[in-house]
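If you scroll down you'll find the structure; I have some questions about it.
Here the chain labels run A, B, C, D, E and F in written order, and each chain numbers its own residues starting at 1.
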Amino acid sequence: MDTGLTAAESRELDQRLQKRQVKEFMNLFGNLVDNCFTACVDDFTSKALSGRENGCISRCVMKSMSTQTRLGERFGELNAAMSNELSNKNI
Amino acid sequence: MDTGLTAAESRELDQRLQKRQVKEFMNLFGNLVDNCFTACVDDFTSKALSGRENGCISRCVMKSMSTQTRLGERFGELNAAMSNELSNKNI
Amino acid sequence: MDTGLTAAESRELDQRLQKRQVKEFMNLFGNLVDNCFTACVDDFTSKALSGRENGCISRCVMKSMSTQTRLGERFGELNAAMSNELSNKNI
Amino acid sequence: MSFLGFGKPQPTSAERISAVENELKVVAEMHSRMVKICTLKCIDKTYREGELAKGESVCLDRCAAKFFESHQKISEQLQKETAARGGGMGF
Amino acid sequence: MSFLGFGKPQPTSAERISAVENELKVVAEMHSRMVKICTLKCIDKTYREGELAKGESVCLDRCAAKFFESHQKISEQLQKETAARGGGMGF
Amino acid sequence: MSFLGFGKPQPTSAERISAVENELKVVAEMHSRMVKICTLKCIDKTYREGELAKGESVCLDRCAAKFFESHQKISEQLQKETAARGGGMGF
């Protein structure tokens, strides 16, 4: 993206984006825990995760990472296509 | 609302409120997309929206805007009534 | 927690934490309203809460506070145990 | 709307601005929660119509009134219970 | 992606940075909403497998495409309707 | 709790404060997610009683323990998988 910022502005922006990345990773991690815990843990007759729950969580994390990767690729493609379309319209 | 702020403070506040408005509009827009997509799109045998899905989304947006408007009016009335009640209590 | 901060840094941190506490209380209160309203209010043939709804909300608030307290205790214990484990690993 | 204790006299300029900003934030968040919850309670999810049905409109009005009543009731109960338990903001 | 009107020429340095930051925030939030919603629509919640099934992968691709199309469509409709109603950002 | 890599030595004062603030934010968010999810898993939504039933209390305790165990397990798996895939924070 052509941001039209000076070098100093870019540096300031970079710092803010790093903070945003940390925040986004924290959200992503939190959503992952919520999602896999909700889907996999339903037995409260003991206080330790059962073998079945452990397996489910582990598969859930793997599948969620693949989902994240795949959707990230699609998102990048679609976003690039949309940006092109919009800048063609604006010219 | 009587904010009890000086002119300079009011100006600073205005700037922050503008930022807040942008943020709230973004939330509102995001919730609208979530809500209408969840309600209307359920067929993943093709990658383009079907006529039925398009119609549903369009009606969903219209109805959501009316809902937003109507609830905004009620909220304003109820909030005014509550503020009056509270300031009467405090006097 | 040993934060390794100077006194001045601690003071600055305290101020930020107070803001955070206010924010967290607001979230907690908002979630409580959402949760108890969703669970207890389902009759929209009148615009005032019925006796049944009032009772349900009141019990919901009491139970939610007990839940909050109990989970707060468990969270404190588990978090302390985990911190100990981690610092033992790091030494 | 001062039920969360904002809007009390504050010394510095920054604090005065924060106080008003917080008060408006509480109102904005309450509004957004109300829209979400009353849409869920009142609006037909099939979106066969783009206009609000008569029944939906009436339901929204009553839902808004009940939401406010619940909000105020819960706020009062919370203050009473918190005082009785001698607890701070974390319940 | 400029459909929310960010990225227009802005005078001061702080505003230029904010504009780019907001634009990236909009994209990041859209991404995160898409992941949540397409996971819900496409991924089997039993997590019997740790790999994405063929059907799940295809569903994710189509869901991403439909999500983008919906996003753009809703954004355009919102602009038209808001203009027609003469309303501001709060609808 | 340092599993997200906060709390490492940081040069400037502002960064030191941010690091501690982030660490506490992670803990606070984890707490709030736990309350939401364990309330959903353990608390009877009819609210016929205002006191926690014995079964609910025990369920909360076990849910808290399992939530922590899941949190730690997922955090470790995420680190391993991310390293194995050579990916950054976006998976």
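Rule of thumb we're sticking to: contacts are C-beta pairs under 8 Å (C-beta built on N, C-alpha and C of every residue); 3 or more make two chains touch, one makes a residue touch a chain.
The model shown is predicted, which means the values in this text are computed figures rather than measured ones.
The set of chains touching chain B and also touching chain D is empty. Taking the mean of C-alpha positions as each chain's centre, the chain lying farthest from the centre of chain B is F. Using mean Cα coordinates as chain centres, the one most removed from chain D is A.
Distance from the chain C centre to the chain F centre is 13 Å, each centre being the mean of its Cα atoms.
Inter-chain spacing, taken between the CA centroids of chain D and chain E, is 27 Å. Per-chain CA centroids place chain A at a distance of 30 Å from chain D.
Taken residue by residue, chain B touches two or more other chains at 24, 28, 36, 40, 58, 62, 68, 72, whereas all remaining positions touch fewer. Residue positions 25, 61, 65 of chain E each touch two or more of the other chains. Contact ring, oriented from chain C toward chain F: the chain order is C, F, A, E, B, D.
Chain contact summary for the complex, chain D toward chain B: residues 1-3, 13, 16-17, 20-21, 23-25, 27-28, 31-32, 34-36, 38-39, 43, 45-52, 56-57, 60-61, 64-65, 68, 72.
Contact residues of chain A toward chain E in the complex are 1, 3-6, 8-9, 12-13, 16-17, 20, 24, 27-28, 31, 35-36, 39-40, 56, 58-60, 62-64, 66-68, 70-72, 74-75, 78-79, 82-83, 86. In the complex of the two chains, the chain F residues touching chain A come out as 4, 22, 25-26, 29-30, 33, 37, 40-42, 58-59, 61-63, 65-67, 69-71, 73-75, 77-78, 81, 85, 87, 89-91.
By the touch criterion given at the top, residues 21-22, 24-26, 28-30, 32-34, 36-38, 40-42, 44-49, 53-54, 57-58, 61-62, 65, 68-69, 72 of chain B touch chain E in their complex.
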